[in-house]
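Sharing a structure here in structure tokens format.
Here the chain labels run A, B, C and D in written order, and each chain numbers its own residues starting at 1.
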Amino acid sequence: MATKVKEPVAVATASSKNGSSLINDDKLKQLYSTMLKCRLLEEKARILKKQARYKGNYYAAVGQEATAVGVAVDLRPEDAVAPSHRDFIANYIKGVPLSAMFSQLYGRITSPDKGRSSPAHCGYAPLNIITPSSTIAAQLNIGTGIALANKLKKNDNVVVAFSGDGSTSLGFWHEALNFAGVQNLPIIFVCQNNLWAESVSVKLQTKVEDISLKAAGYGFPGITVDGNDVVAVYRVAYEAIQRARNGGGPTLIEAKTYRWYGHSEIDPAKYRSPEEVEVWKTKDPIAGMERYLTQRNLFTPEWKQQLSEAFNKELDEAIEFAEKAPQAEPVECLDYVYSFDVRGRELDRKTRTPKY
Amino acid sequence: MATKVKEPVAVATASSKNGSSLINDDKLKQLYSTMLKCRLLEEKARILKKQARYKGNYYAAVGQEATAVGVAVDLRPEDAVAPSHRDFIANYIKGVPLSAMFSQLYGRITSPDKGRSSPAHCGYAPLNIITPSSTIAAQLNIGTGIALANKLKKNDNVVVAFSGDGSTSLGFWHEALNFAGVQNLPIIFVCQNNLWAESVSVKLQTKVEDISLKAAGYGFPGITVDGNDVVAVYRVAYEAIQRARNGGGPTLIEAKTYRWYGHSEIDPAKYRSPEEVEVWKTKDPIAGMERYLTQRNLFTPEWKQQLSEAFNKELDEAIEFAEKAPQAEPVECLDYVYSFDVRGRELDRKTRTPKY
Amino acid sequence: MSVSYIEAITTGLAEEMRRDDRVFLIGEDVGVMGGVFGATKGLFEEFGAERVIDSPLAEGVIVSSAIGASMAGLRPVAEIQFADFITPAMDAITQQAAKLRYRSGGSQTCPLTLRVCYGGGTGGGLYHSQTNTTWFAHEPGLIVVAPATVADAKGMLKAGIRQDDPVIYFEHKRLYRLPTIKEDLPEGDDFVTDLFHAAVRHEGKDATIVTYGYMLQISLQAAQKVEQETGASIEVIDLRVLNPLDRDTVLDSVAKTSRLCIVQEDHRTLGIGSEIAAIVAEDAFDCLDAPILRVAAPDVPAIPAAEPMEQFYMPNVDKVTAALHKLLQY
Amino acid sequence: MSVSYIEAITTGLAEEMRRDDRVFLIGEDVGVMGGVFGATKGLFEEFGAERVIDSPLAEGVIVSSAIGASMAGLRPVAEIQFADFITPAMDAITQQAAKLRYRSGGSQTCPLTLRVCYGGGTGGGLYHSQTNTTWFAHEPGLIVVAPATVADAKGMLKAGIRQDDPVIYFEHKRLYRLPTIKEDLPEGDDFVTDLFHAAVRHEGKDATIVTYGYMLQISLQAAQKVEQETGASIEVIDLRVLNPLDRDTVLDSVAKTSRLCIVQEDHRTLGIGSEIAAIVAEDAFDCLDAPILRVAAPDVPAIPAAEPMEQFYMPNVDKVTAALHKLLQY
């Protein structure tokens, strides 16, 4: 399929040139297989949730895979990612072990957060993925701070900060982009415009048609891309990441996409018309990429079969690991508050001198 | 002088047509005389401050008069104004009695705030001027709420919300403009870009040259105007106000201007070059308007003389009134906390049942 | 017919909106969806998009627009979906709403009502469970209420909407559909409760429990348990109002019982209980026969998602019972 | 040579920046201007624009960028120009900095230092005078300090910068240039104080004052006055650390004196004093021979600009003296 890139404000020049030249067949297949695995992962996570195998909630990005994959597939371990509640798969794409990810869903001590954060709110220190709070857009400002550190340390690592259309209404979103512009920071803001913020239409979040327009107010390029076209996203992201690595500053990428399911597993999403959902399902990024690869003789059903079976085995192992892993002891509630132990302070209430 | 209007984003169409046709000679003279009075008022306020005749601080807009006058001169009593710390003169332009304004500087009980707010943080309920806090940009969101009420009540009153270049970095600024855009509210955001936020250059507040550009992200017109050209400001504001009254929604007006003095009376403003200050003093909006009126035979030194003498008398009376007015009794510190009396609660500590 | 806590909120809103067309609602998901918990269900259909406004995702906008609209004569009822996300409105609430009347010498006011959904114990984890009532109870100029019963859920909401001050109304998500607290309520306008007094929910003479919100349920159960076990009688006070605090009801009770146990869901340090303890230690010292005990959550940043740690965190009947025994044996 | 409180801050910053090139500053007007009070004077000239960053007018950016930068291994010292304007950073401080270590199971941390200029009594009015220490002392995960002496101004700042937790450092604007508190300080790296203990500033046996910040000065003067008038001896404790509180130093003192007076500049309800009173009423009840008195500001939204009302608002030597007499005569 033709890659659709819309450039209302800044022109992502030469993206077609540089961009596509880089996309060799292996990369195309990697983009596809990664999306497929993300899909399998999340559909599995949803089933486990429906089966009440873990507590809490889950926020699936099913239908949006092309955006996360196209942006994050080539990031280095040193590059930071600032995810939101909907970016669980960004962890997988960046290389977080599935055992850690499912431990996170299950709230086990084998989880990076040792059972503290809600499901899908996953971070991973070894790969510089910020453990998200739930405050919408807060990760953008923390990401901006990491980008500032990269600039001060004069390295060429970048930060990719994800958020949604609803997040753009918060002052935090503005403050992050404005500061990144002023300081010309190595950060890429990826706004996944899936048309809805819980039950609220994007039309009630902003008067403008294209969120990428907002970059004009911050003095750096903004570009709208078909978020269901992984090749288009990859090209646009590639250019933005290179620009950031080379001191060219931030980019705002608006990826127009859609979440197939409710805001979370408990949301029937009655506020959307069935027609709208159907239209978007015909734009399935994975099916689209299958067609694209087929045209280029890079796809066979058998290959997909093999990929799926192999990955499902990985998933099953990770799930088994998580289910066998212990939960935290109740008293561990008192740990990791400060750099010193607070158990003592809380249990026998005589103050201890922190070791420091 | 030629009116300089720069329209980077939305085109303030026909401003030249509608606009200037409305500016008859009386209006031109009114614009001038109002600016002159604002200047006299603030220079007086500064002298009184230097003489320590009142406590606290003062934030002069000397050099910026054309913006406040051009925007506010024709507002109705029902129209609301949301001022910042630098918009003391907006009160005068809207019609607040000088006795009330100087009582405010002096912190007397005859002040609208009965001595609570800091000097120049002046509001006036009868004319719908919001009593400002000091939180930068907060007035924009409150103003937006008043505009929402106007819309819900289906009247044609508007809100004029003032802020500065520095305020644009705060999330509050973004949230106000974004919401006004979504709801298409009758509000005019007047950003007085005087190049400095205390000691910080506007170059450290935003990467963009023209703050009016930011309106593009909110889906309504943004326009940059020479903030020292009262006729240009009047034309642009007139059109924005009409648009708002007629349900056409918000406008962002960036007025490029300059404060002659420090951020406040205690700021020597060493961070600015003397050259910069000199250049801007040559752009004095009042001197400029004198030249403009002279060309049209609408100005004589005698007239200025008369205006000044008459207004100085008014000022002296207001100052005498304020200086004679009593301060609040210490215990009045306890009043106006709730709609019920708290003195009792505080003084004898037995709780009283509030009357309600 | 007996209604739930959340039904009381919905009908309270509907009644006030019918009675007074200055009343409108604004918040995230309050319109088309009727609120994430359903508190505004049906109101969009009855009153339309102009009076039930789905706001942008910006708590600061929700509160500030309510401030402006109420200054202009309307009676907004704004909603914060989760107390955990109230921070973007911190300036609007504490620097604007709380201070407007004061800073304008009484000449400008903002009679808004802010509904805030708060509280833990539902597995919501770090960011869907918080109790930050202290931030607002600390701010004079705000009337802060936390209804613990179905009658108060309705009566205090209606009173809040009619009150000429900004009212922060904390509603505990765990009470919304709790079957055991359902009540029959009189329909209609006249049912408005007061916003300034604590309530004695259970009379007693040997010890006093002071609490609010969902913890009232825990406290009543613990009191009953201890009464059965020891024969002592425990007075249980529901604060109802967190700001300004009703000192007298608390002091009168302690004067009678001489023993005080405070139960709060918030962590220990600087919860509402700290002020209650300080008031009693200052003004009822002579009446006290025992230390003032506090049953509270431990001082950790928030409630972990994993059940064992959440259980450890939450005050419960056993913890309150143990404290009461300690208090009575003292 | 004897230095002022603000000089101690400036040299403390300079020393840490020379010692550790991971340390950088960010805030409004901290660079070219050297801070609105001059706390960062000369540092822009010595360390340049990269390590002394004039931020945009956005407190949320100041704190969040410090969070991110500290996660990435730097040691930012951020400045809030006036505590009254900290609200835009409320989420960054309470939901991000305070909770990052906890929510990441100890795998991610943000060792930043946030300097906050606070306090009244200088005619600053409603929005340049506030004491909102309670908002942050209420949040576990934050270390909150309020140095009251020149030595602590320097030693606690240096310790805070080296501490592996987010430290909120409240500096009272009225102490900056107070001549009477000037001190000779040792130069250099080794001068680092601890961040976890209160200090007994004046020994006594008949009553205890617990206070912090500028109120230490008021308290010491009142104690001296009462000692001269009555011959009683008054112990004065400077909390130094507001979170986590050093309970033992307070409890040990009350165990000795049996009488407690709390002095705070904040208004009464839910100030730091409430928690101190609650701790003592809970854990030192048997030691108490008198009610726990609080000298605090009245419960009004903020400090009015007009002098008579500001005077009425501020705790002062006479108010503390009166409280001490009442306490001793009890």
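To be clear about the criterion, a residue touches a chain if its C-beta (ideal position, glycine included) is under 8 Å from a C-beta of that chain, and two chains touch if they have at least 3 such contacts.
Please read all numbers here as calculations on a predicted model, not as lab measurements.
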Pair joined by more contacting C-beta pairs (A-D or B-D): A-D
Of all other chains, the one whose Cα centre sits farthest from chain C: B
Intercentroid distance (Cα basis), chain B paired with chain A, Å: 44
Chain C and chain D: spacing of chain centres that average the CA atoms, whole Å: 30
Whole-Å gap between the CA centroids of chain A and chain D: 40
Chain B-chain D separation of Cα centroids, rounded to whole Å: 36
Sites on chain A at which at least two other chains make contact: 115-117, 121, 133, 135, 169-172, 175, 178-179, 182, 204-206, 337, 342, 345
Chain D: positions in contact with at least two other chains: 55-56, 58, 60-61, 84, 87-88, 91, 95, 99, 102-103, 126-127, 140-141, 244, 283, 299-301
Complex contact set, residues of chain A against chain D: 80, 111-117, 121, 123-125, 130-131, 133, 135, 138, 141-150, 152-153, 171-172, 175-176, 178-179, 182, 335-339, 342, 345, 349-351, 353-354, 356
Residues on chain D engaged by chain B in the complex (per definition of touch): 28-29, 31-33, 36, 54-58, 60-61, 84-85, 87-88, 123-128, 298-301, 304-313
Of all residues in chain A, those that touch chain C in their complex: 55-56, 107-108, 115-119, 121, 133-136, 166-167, 169-172, 197-200, 204-206, 270-271, 327-334, 337, 342, 345-346
Chain D residues within the chain C interface of the complex: 84, 87-88, 90-91, 94-95, 98-99, 102-103, 126-127, 132, 134-135, 137-141, 243-245, 267, 269-275, 277-278, 280-283, 285-286, 288, 290-294, 299-302
Residues of chain B touching chain A in the complex: 168-175, 178-179, 181-182, 184, 203-208, 213-214, 216-220
